[in-house]
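Structures incoming, each one as structure tokens.
In the two complexes below, chain A is the common chain; its partner is chain B in one and chain C in the other.
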Partner chain A sequence: MVDMVTPYEIGHGILRYIIFYPPVYQFVIIPGLIAALVVAIFIIWFERKAAARVQMRYGPYEISPRTGGATQLIADLIRYSFQEIIVPRTVDAVIYFAAPVAAVILSLLPLDAMPLTTNPAFWPIPMDYSLLLAVALMTLSPIFVMAMAWASNNKFSVIGGVRESFIVTAYELVAVLSMLSVAAAMSTYNLVDIVQAQSSGLWFGLLDPLAFLTAFIATLMTTSGFPFEIPDSESEIVAGPYTEYTGLMYGLDMGAAYIKRWVFSVLMALIFLGGWAPYVPGPGFVLGYLVPSLIVSVKALVIMAIMSFLRAVYGRYRIDQALGIGWEILVPLALAAIGIGFAEAYFHVYAYMGVMALAS
Partner chain B sequence: MGTEGSQVQSLPGMQVHPLKKNLYEVAIGPAHPGSGHMRILVRVEGDVMVEVDPDIGFVHRTMEKLSEGRDWMKNIPLFERMAILDACNVTLPYVEAVEKLLDVDPPERAKYLRTLLCEINRVASHLYGFGIFGVFLGHSTLYMWAFGDREVFVELAERLTGARLTHTYPMFGGVRRDMPDDFGQHVRKAAAYMRRRLDEYAKIFLLNPNIRSRLEGVGVVSKSRAVELGLAGPNVRASGVRYDVRLAEPYEAYDRVDFEIPIYEEGDSLARAWQRVEEIKQSLSIMEQAVDWLEKHPREGFVHEKFWKTAPPIYKKVYAGEVPYAGKYRVKMIPLYASLKVPAGRSFARTESAHGEITYYVESDGKDVPYRVRLVSGSYRNVIAFKYVMPGHRLADLPAIYGSFDYFPPEWDR
Partner chain C sequence: MPAKIEVKESPKRGILGRIISGNVGALVLGVKYFLDPNRFTLMYPHEYIKLNTGYRGFIVLIYDKCIGCGSCARICPTRAMRMLFLPQKEGERAKKKYPVINYNRCIFCGYCVDICPTEALYHVPYHDIVYYNMNDLILTLDEFQKEPEYATAKEGIPVRYIFDERRGLVKVKAQEPPQGPESGAAPTASPAPAPQQAQAAQKQGESTSKPSEGGGSA
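And now, the complex of A and B:
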């Protein structure tokens, strides 16, 4: 005899094992796709408003002035989604369509390697080597930007793609080195341990500011933010690798770079800004998962906001200058940051904070 | 890439340049995100430009030919279209050349009024150039600031002439109208504001390490090279050549106002940007001096007696302030201009516009339209520098050099 499955149980099952199943939940809801979308709308609004304040103008204001024109962003988004997608005859159609989709998915993937709570029930994967895994997954998506450029079969796209490849090789290294310096300092790859070690308020960003700085600049660079907006520099090569894309496909291209920046910000919030630090995750879904994840998101949002504000201050560097900054300044700095990490490990800076107790 | 397998068609008038291996041709333009319509064909080897070919004639509008079919007066609005942001400076030599043929010398007051508008235009044009420069380097703040502050000078011009951009202000034998009573205080306020703002520009843009690294040592034009290429305007002065028409051959009231010609020796893109900042400062000083003079002297004659005596009596009452018509002193255009015939002859005049020296050669055969007008503008003389300065630089330097030359496409091709 088979037990009857009630609709309640089905609904509960879908919620429990599909939607709130941590790998799916983190990938799609917080801090994944949906949170990234909300953050995107906020950041674009903030970017426009902050830049407008600097530049002595109003920023978006036409729709609902009381909210500072926030709904205008949603209107923009809808307009983008329903624009006609024009596919040039000369493109390599399969890669042309597949590359942006793959880029978006692979940009989101590292989120599944990041813990947002101490409760193992809400971890998407076992967290023992999560830092290494997260950093490794982050380096996957740039190849698809080059694929987009090549599939577009356009001079500007190819020049943009080549620039992207140069920049990625220079700056992924810096990003990886500076983010791994925390592993040197705390003798662990476990992101949960790393966050727990910072719960005293002594954030790693304060202990090793050099690593934070290099990671910040490298993130700006790999996601083509100002002053390193070089692969899609408008006044030289139209839209770089994205020149032949229109409508929603262009939105995906932009979204991939943007999500990548968001994922980097979340990881930086975990490593350098203490993750959910002042808060101690409690029992249950809300106190144990939702609240800490929101705290991490807010910290990441602050990093994003600072990055987008730089648009109002800087112009863009030339590619050789940017590469020079990368190879000649940032790589040595990142190595120095690792050195600081080793020194901290040698002097047991984190030992008294209970890392060892937690690891044992 | 691209041409493989496809056949190169030969069309009449089409030139086919075979490209060397590893050479890549990129067309900058025809609609560029940072500027007007223009085209520059660039051949790059990797990221380095090896050949730069500004396509002169790409947006040619037959302005010289059009002028041969229009009344003498109607040519002023036509030539304004060449650089509407600098309307007074680019039409003034035409007016001066025709005045030479008519043998009239504008009254002193008109000369000062022309000088005043020329300098307002120069400031507005330099600010426009800065805005475009900002876009080229991805610096949106400078773009917004420069265009926002340019509005101050556009509004000044509107108060003086009634039009924001295409003023058609200098007329044969004078100007179109006198300045309003309160114009002086507006000019002084604008000048004080702009001096303060220029310091802020320097902070955010010219002293910004990011921008400095983009501009320093980029697009260097040495003194001898600048002379050899025949550059004009602020660009030649930024290379250390003390040449300015206002100095070399003073026109209007420039021999009676006190100003300096700033010089920079470096000749790179940064020097050209600083050159414009210094020139704006000088222009502000000239504006203040002109306004001081105009306020001190009585309102007598903004146009030559020869034309003024043909004006209807009501005009004279309006100008005397007895009859208000659309505000004080606002005299309509004197009807004689519409049927003006210029005695046969040839004449030549030049002024210093914001983009460089602009020269007009005017020939009349005594009819109501010119026989021939020939003009050479500042941007036309500057554009050739691209061909010689840019190769060897990276493609990303093209916008930096382009912007630093403050080069204006509609003025290049008339």
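And now, the complex of A and C:
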């Protein structure tokens, strides 16, 4: 027999099984597409204001002086989305259109491999090898940047694509090595266990600062944020791989870079800054899923804000300087970070702390 | 007291020391400016730079002092100034020529003001004035005797840039009462035009009556 379905149950069902359905929620809503868009707008605004403060200017201001020109970014977004998309005759049209979309989707994909709570009902996938999976999924999207460059059929695009491949090869190696050093320290690939082990307040970023530093620098470089935008440096090669893109397609390209940086930041918040650490996820989808995901997002936002602040301080490296730093300094440092991780595992730094955290 | 000159000698460090100290120094400086910004952007329509009295701005003719010698028209490097027969007073025959100016051509070099033997021309200390079309830039003798309206001073506040020893260039509010009758480069054979000139920033309404007033006192 079928009972009457109350509106409360319908609402609860929609919330629980559609909005808070973990693959959808993490991919689209909180650390995913919508949150990434909001974060990108905020971060671009913050980047411009912070760089302006350091450089004795005001940044965006005149459009709404009370909010410090915050609506400027919305106006820019609207302008981008309604610009005409000009497709040159010489491009390989299918890949030209498919590559940015694939890049955006594949940059978001690692979010589905990350846990945002301890409750197994809110894990998108089983979490046993989630760190390895997340790191592996992160390395997928740069291939589409190279595809964009090749399909654009333009000298600047090809140069930019080659630069992208150089940078990504050098720095994603560093990022992967330094993020995997946590696996060496805690002898697990399970991100939930990693976060739980840090819930005592001793974050992995404090125990192994070398790994945090190398992961930070590698993220800056490999996502080509502002001062380190070697693949698409405006003053050298027009816009690198994105030279032939206009309007919304260019917005997608830029968005893909920001989303990639955001995803890296979320993973770094989980690994190095203890994820939802001071908070213990409770029952239900508000206390057990929404709140921890917001905490992780705020931590990732702080990392991104620091990254974008560095725009005001540093200059751009030449491609050979960047590759030299990557291969000659950062790879040995990342290996040393893994060594520190092994040493911590040898001296059981995390063994009993993890047990304590799991027991509590 | 003049600042002491110090020669900073960088202590000898290894490559690691240089990398660390360089990066940390840059970051500390960036954070310092982020927390305590020293911004000196001129918010132009809301603020404007208070210029000194010697500034070569727009040029105004004092009709009663002009003897019609034509030196200004002859020295003008861009031929912006011309001498015209313009009888202005009734019942008076056109005996002499008077200068008129075309701001399409003027480069504000100030030669005409310098060469005028009776100091019948003077500068006003502002230059940001907008005309609607190019015909308006060719002034008649009547318009040439009025100080042009300084619209920026109505809505903006005056500021001044000074050099601070610690902070570098800083923007400060210019003091409200402008300097009185003392004026260095301004043409003040008679004291009458100079205060008018200084007050021109504040009161725009009486600018029409000014030339005759100045003429009366001279």
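Going forward, the second predicted complex is superposed on the first by the 336 of 360 C-alpha atoms of A that agree within 3 Å, B and C clash if a C-alpha of one lies under 4 Å from a C-alpha of the other, contacts with A are read in each partner's own complex, and residues count from 1 in each chain.
As a working rule, contacts are C-beta pairs under 8 Å (C-beta built on N, C-alpha and C of every residue); 3 or more make two chains touch, one makes a residue touch a chain.
This structure is a prediction, so every number in the text was calculated from the model and none was measured.
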Given the superposition on chain A, are chain B and chain C in a clash or a fit? clash
Touching A:150, do we find chain B (first), chain C (second), both, or neither? neither
Thinking of the overlay built on chain A, is A:314 touched by chain B (first), by chain C (second), by both, or by neither? both
Quick one: is A:236 in contact with chain B, with chain C, with both, or with neither? Answer first, second, both or neither. first
Tell me which of chain B and chain C touches more residues of chain A. B
Where does A:53 make contact in the superposed view: on chain B (first), on chain C (second), on both, or on neither? second
Common interface residues of chain A - those touching chain B in one complex and chain C in the other: 54, 56-57, 312-314
In the complex formed with chain C, which residues of chain A make contact? 50, 52-54, 56-58, 309, 312-314
Would you pull the chain B residues touching chain A in the complex into a rising list? 1-2, 24-26, 32-34, 44, 47, 134-142, 144-145, 148, 204-205, 208, 210-211, 213-214, 394-399
Contacts from chain C onto chain A in the complex sit at residues 26-27, 29-30, 33-34, 37-41
Okay, in this complex, where on chain A does chain B touch? 51, 54-57, 153, 155-156, 158-159, 163, 226-227, 229-230, 233-238, 311-321
